Amino acid sequence: MAGNSFGNIFKLTTFGESHGPAIGGVIDGCPAGLSINFEAINAEMKRRMPGQSAIVTQRKEADEVKFLSGIFEGITTGMPIGFLIENTDQKSKDYAHIKNIYRPSHADYTFDQKYGIRDYRGGGRSSARETACRVVAGAIAKQLLGNLKITAYVSSVGKMELGKHYSEIDFSEIEKNPVRCPDAAMASEMEDFIKDIRKKGDTVGGTVTCVIQNVPKGLGEPVFDKLHAELGKAMLSINAVKGFEYGSGFEGTKMKGSEHNDSFNIDGSTKTNHSGGIQGGISNGETIYFKVAFKPVATIMQKQETIDSKGNPAIAEGKGRHDPCVVPRAVPIVEAMAALVLADFWLLNKLSKL
Amino acid sequence: MAGNSFGNIFKLTTFGESHGPAIGGVIDGCPAGLSINFEAINAEMKRRMPGQSAIVTQRKEADEVKFLSGIFEGITTGMPIGFLIENTDQKSKDYAHIKNIYRPSHADYTFDQKYGIRDYRGGGRSSARETACRVVAGAIAKQLLGNLKITAYVSSVGKMELGKHYSEIDFSEIEKNPVRCPDAAMASEMEDFIKDIRKKGDTVGGTVTCVIQNVPKGLGEPVFDKLHAELGKAMLSINAVKGFEYGSGFEGTKMKGSEHNDSFNIDGSTKTNHSGGIQGGISNGETIYFKVAFKPVATIMQKQETIDSKGNPAIAEGKGRHDPCVVPRAVPIVEAMAALVLADFWLLNKLSKL
Amino acid sequence: MAGNSFGNIFKLTTFGESHGPAIGGVIDGCPAGLSINFEAINAEMKRRMPGQSAIVTQRKEADEVKFLSGIFEGITTGMPIGFLIENTDQKSKDYAHIKNIYRPSHADYTFDQKYGIRDYRGGGRSSARETACRVVAGAIAKQLLGNLKITAYVSSVGKMELGKHYSEIDFSEIEKNPVRCPDAAMASEMEDFIKDIRKKGDTVGGTVTCVIQNVPKGLGEPVFDKLHAELGKAMLSINAVKGFEYGSGFEGTKMKGSEHNDSFNIDGSTKTNHSGGIQGGISNGETIYFKVAFKPVATIMQKQETIDSKGNPAIAEGKGRHDPCVVPRAVPIVEAMAALVLADFWLLNKLSKL
Amino acid sequence: MAGNSFGNIFKLTTFGESHGPAIGGVIDGCPAGLSINFEAINAEMKRRMPGQSAIVTQRKEADEVKFLSGIFEGITTGMPIGFLIENTDQKSKDYAHIKNIYRPSHADYTFDQKYGIRDYRGGGRSSARETACRVVAGAIAKQLLGNLKITAYVSSVGKMELGKHYSEIDFSEIEKNPVRCPDAAMASEMEDFIKDIRKKGDTVGGTVTCVIQNVPKGLGEPVFDKLHAELGKAMLSINAVKGFEYGSGFEGTKMKGSEHNDSFNIDGSTKTNHSGGIQGGISNGETIYFKVAFKPVATIMQKQETIDSKGNPAIAEGKGRHDPCVVPRAVPIVEAMAALVLADFWLLNKLSKL
């Protein structure tokens, strides 16, 4: 109810501020009997970790996950999985200067309006640090989903677009460059652009595309909890996200029904996939694909005129260590949230029929 | 859990198939003491109703709402509000021909895969007829929200785009034409285009933009139930929706932080509104605006090659009475879903602080 | 949230007041593929129906259930099951005299305090009429549970106690007398006592015992949603219930561990059953049994000094047609609520392990 | 869904096994602006702590609570409150002997049946150690409830009953003896009895009565979430509880309506209180009182014949350090669970009317 839980059956609850002693979470509803691959979890954490390349924030969080319950001798017991990630590189003093200042396009103002109080250090709860917990839970959800494969990549940075259909992508290229764009030449250009933006103390937005293969048929719970509706909510709940489209998306609105309809093959598969693997809110077994829009990071290393909590003029100036562009680090977060949605529906779908 | 409820506090549960005896719903959590304006509810129903103009389906549903509980002498009692809409124009025989056929890009195939059974008459539960219940509940939610104003309009049909910023719109123009596009000239072109598409037995997609004014600060429950995340889910749960963006949306990804950030005025309002009235998942008091993408209707009056439930080749051909373009009738549905989200968060927000 | 839904997966939402046009409900989460036995539903309704014997209220409700959705050609489709029961014998004028009067030990006063308004006719929403919807849903839940058998009976009326262990009961005796006490001699005494109480314009309480056989192992979700905790909540949610105990219950508190512990047989069954079929909140396959306490009905046909809504002294005098003792008609309601709890946990348990 | 959360608005989720590294929880939905009294929390923890007297288990857990989030400079921020209690006195080797043995009337057998795996060390998740987290959350809930006062005490041990009406109790006596029975003479007898039982390696049950004063009117959400129904569920979710009754309870079933009805005074209070402060599921402002039945602890220091997980005969013999009677330590747990229910309804009630 208060917004810190996600999912119905496979349910994640998170807690923690960026500059408190730790962040963490509880996964309730993971079935018993799942062998946990801890290395796979750590690998996902490293993909999200600060300091992984020259184009991301240079904070140095170890991001080591401690599991406290629900796993016994490497296997889930059906009990809630509690976990903790300590905040080791909190430099709270970096934030003393913004204690009473509302940074433009941040959550400072709205948190104060809603709660009458906020932990101003590093954005507190509104910091994207919280997404580390999502990556932990998503990594477990991925393991539950077995053969199903979730792959995200950067499809644009600013005005530079990859411009390839998901079916043309060589997924093995994604992790070969720090941008996570599966086209070496384009990735190189993007990298240069991000470095340039950073030098100017500015930031830029971008998009992440996600592709989900080997999807079982039947996932999604219409009429309100359609598969794409939950995927949309999941993505829009990630910091800085401004839009979501799946399948033919916004471009599909320009098409005619006779062009857009996906004809069936004899085996139930479809000849085209404008539906994006989802029909009537339920997966049809085709590849799911969707795109997520991320705005430019609000923290810039430039002076901005603003106000303080008493309504006096003030100057906000970014300090600390921030990402000039979030999309490279957002890739594993998008995958994690997709995994959470799919794991939840995969379990729920076991109850659809006798 | 099974997908037929929406909301946490102000909670709508719907039931009913397009060709059963009736559809209906229950609103649980509407506070006691609200005077219900029944005419306002009926007015919303008429905006959604089939047969309202030459460019929508010519089915003839009276769409009369019967309230069964929760309202006593015109005032809500805090008890659940049960309501019913009888299906008066069910021509089930129109659908005998599709009993065993999977219509392309419909929910026929996925429902059969998931449930092993479906009420094939008129799409059954997957029909957009179900959205009539959303409009009933949304109309009550609007009344709860008092001064807050939700206005949606058609911003594109196919490739024809209105191309105006929300702040340039004269809202009084919207209901003056059957397309619900607030520009007479553009609306006229769109109308002609839809008529032409219908003649060809084809369909076309479009977009609806929604603008919400006089929004209290503090609505939204981060981190997962951000205001825009719930709005996104709400919109994506409407039949035929393929995408959602708010504020600067997908275009905003191309901007720099220094351009995108919304500077504060002394009174806490902002000079620009790329944030779309939401920061950190919480309303900041500025105007909320978002755009929703609708695909072309899947039912076309043309022969399409497809398969039947046994995997044999078959021909699907649209019969019955269908919309050539859903966006004109989608306008009140978008508003209704927005009202449900806002009413829910408006109530929840009363619990944010002591 | 607002209290009109019960269950997690197999979820019932009810609506309706005793003197509105109809009461009804929605069952969401019933799996597709269940053949519905409508006669079995009607049979349950008749067990709860007013006017069935000389010792219950003489109101004449037909209590005919109309199913509106979710069942197609006699089989559940996985869609929400909406249903309606019209109120045919509403004599609202019977209640004009209590419009502003607070009847002692009724919900009149608390409803006014909480909601600031109430539908005073016949208790409105607080009337036990609402339990008819529970019986409908419970009857479907029973069908989902197949071989599992739920049997309730009257174990005391006032100070007259059946005094038999559940294992000594001949279940075939229960429906042979209007009291639903499975001992002909005791039932006859109870019946005479209730008739006498009625003549005096008074009422009396009693208890219902429920026995559940053929229970699968594994039902219940500790730590908070233990099987007996949900059964307890379910029973306590029935009008007039004041207490719940299962297994050894309150008497068990007087025992020593060495007496109370249930030793295992080689096959995992237990030699005694003080645990009442539940250990650690999870069914162990033994017979579940519990007892439910019902207070005497608050509406008596005697003059009682009370106050009106303005705090003035007033006289409350029962009119209308009321039960002198609720337990005979409570028997099917207890069974229905037990069925709802078990169906919900039976479905949830499918997700406990891989 | 999976049973590890309690509450709707003020929602506690717990995790952790008795012999893992730590137990803990997350409280979501506590309003911002509450000054936390940490000493009061610690005081509650000490009332539940092992080793506090000669008649409870002699385990030595420090039970120090570490708060990780949601409280900033001593005040709640509206963010989730994460907390941790490390397990410092885990002697896992005490449990090696029961690894494959099903202890009678424990949860060993049912956990294995349901999950196919269990953390056998000290009962794992089914251990009452988990209730420490409930006491933490309950202590915060108490602070939210301000003037409302929750007081529990031991009302019987085995066959020894206090036999006083709640209105006769001198609450200041409760904490003066290790039994927590507010009658010095009776407490002394009970203490001797428990010591004697312990010497014999046996255990005994008892009851706890809880009294809640200064209750606001309007708490509770009928029809399913009646105040007493949630209190009942809350109590029944505590380890070893077998029954719950409120107000006149099981004895009330023997009364006539004319005796049982609570007449109103002019000010809306009642002359008697058989209703136990709750009418129609909603608090009426009178004192709430209820009684909770606890069975004798299943772990006894005697040899018991049982079976192992392969169905072979085996001997279970209690080792480790256990309570001979749980009711003295259950007193703060009962209070904590009552506080959680009341805090939840207190918040929800703010939304009942406009």
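A, B, C and D label the chains in the order they appear, each numbered from 1.
The rule is simple: contacts are C-beta pairs under 8 Å (C-beta built on N, C-alpha and C of every residue); 3 or more make two chains touch, one makes a residue touch a chain.
Because the structure is predicted, anything quoted here is derived from the model rather than measured.
Distance between Cα centroids is largest for the pairing of subunit B with D.
Counting C-beta pairs in contact across B-C and across C-D shows that the higher total falls to C-D. With centres taken as mean Cα positions, subunit D sits 46 Å from subunit B.
One simple way to say how far apart two chains are is to compare their mean CA positions; for subunit C and subunit D this gives 26 Å. As a whole-number value, the distance joining the C-alpha centres of subunit B and subunit C reads 39 Å.
In subunit A, the residues touching two or more other chains are 1-5, 8-9, 14, 29, 32-33, 78, 114-117, 125, 352-353.
Listed in rising order, the residues of subunit D touching subunit C in the complex are 1-6, 8-9, 14, 102, 104-107, 109-111, 113-117, 125-126, 130, 156, 158-159, 197, 202-207, 217-218, 220-226, 228-230, 232-234, 236-237, 242-250, 252-268, 270, 274-276, 278-285, 293-300, 302, 304-307, 311, 313, 348-349, 352-353.
Residues of subunit C touching subunit B in their complex: 1-5, 8-9, 11, 13-17, 20-26, 28-29, 32-33, 66, 68-70, 72, 75, 77-82, 84, 114-119, 124-125. On the subunit C side of its complex with subunit A, the touching residues are 1, 9, 29, 31-34, 78, 347, 350-354.
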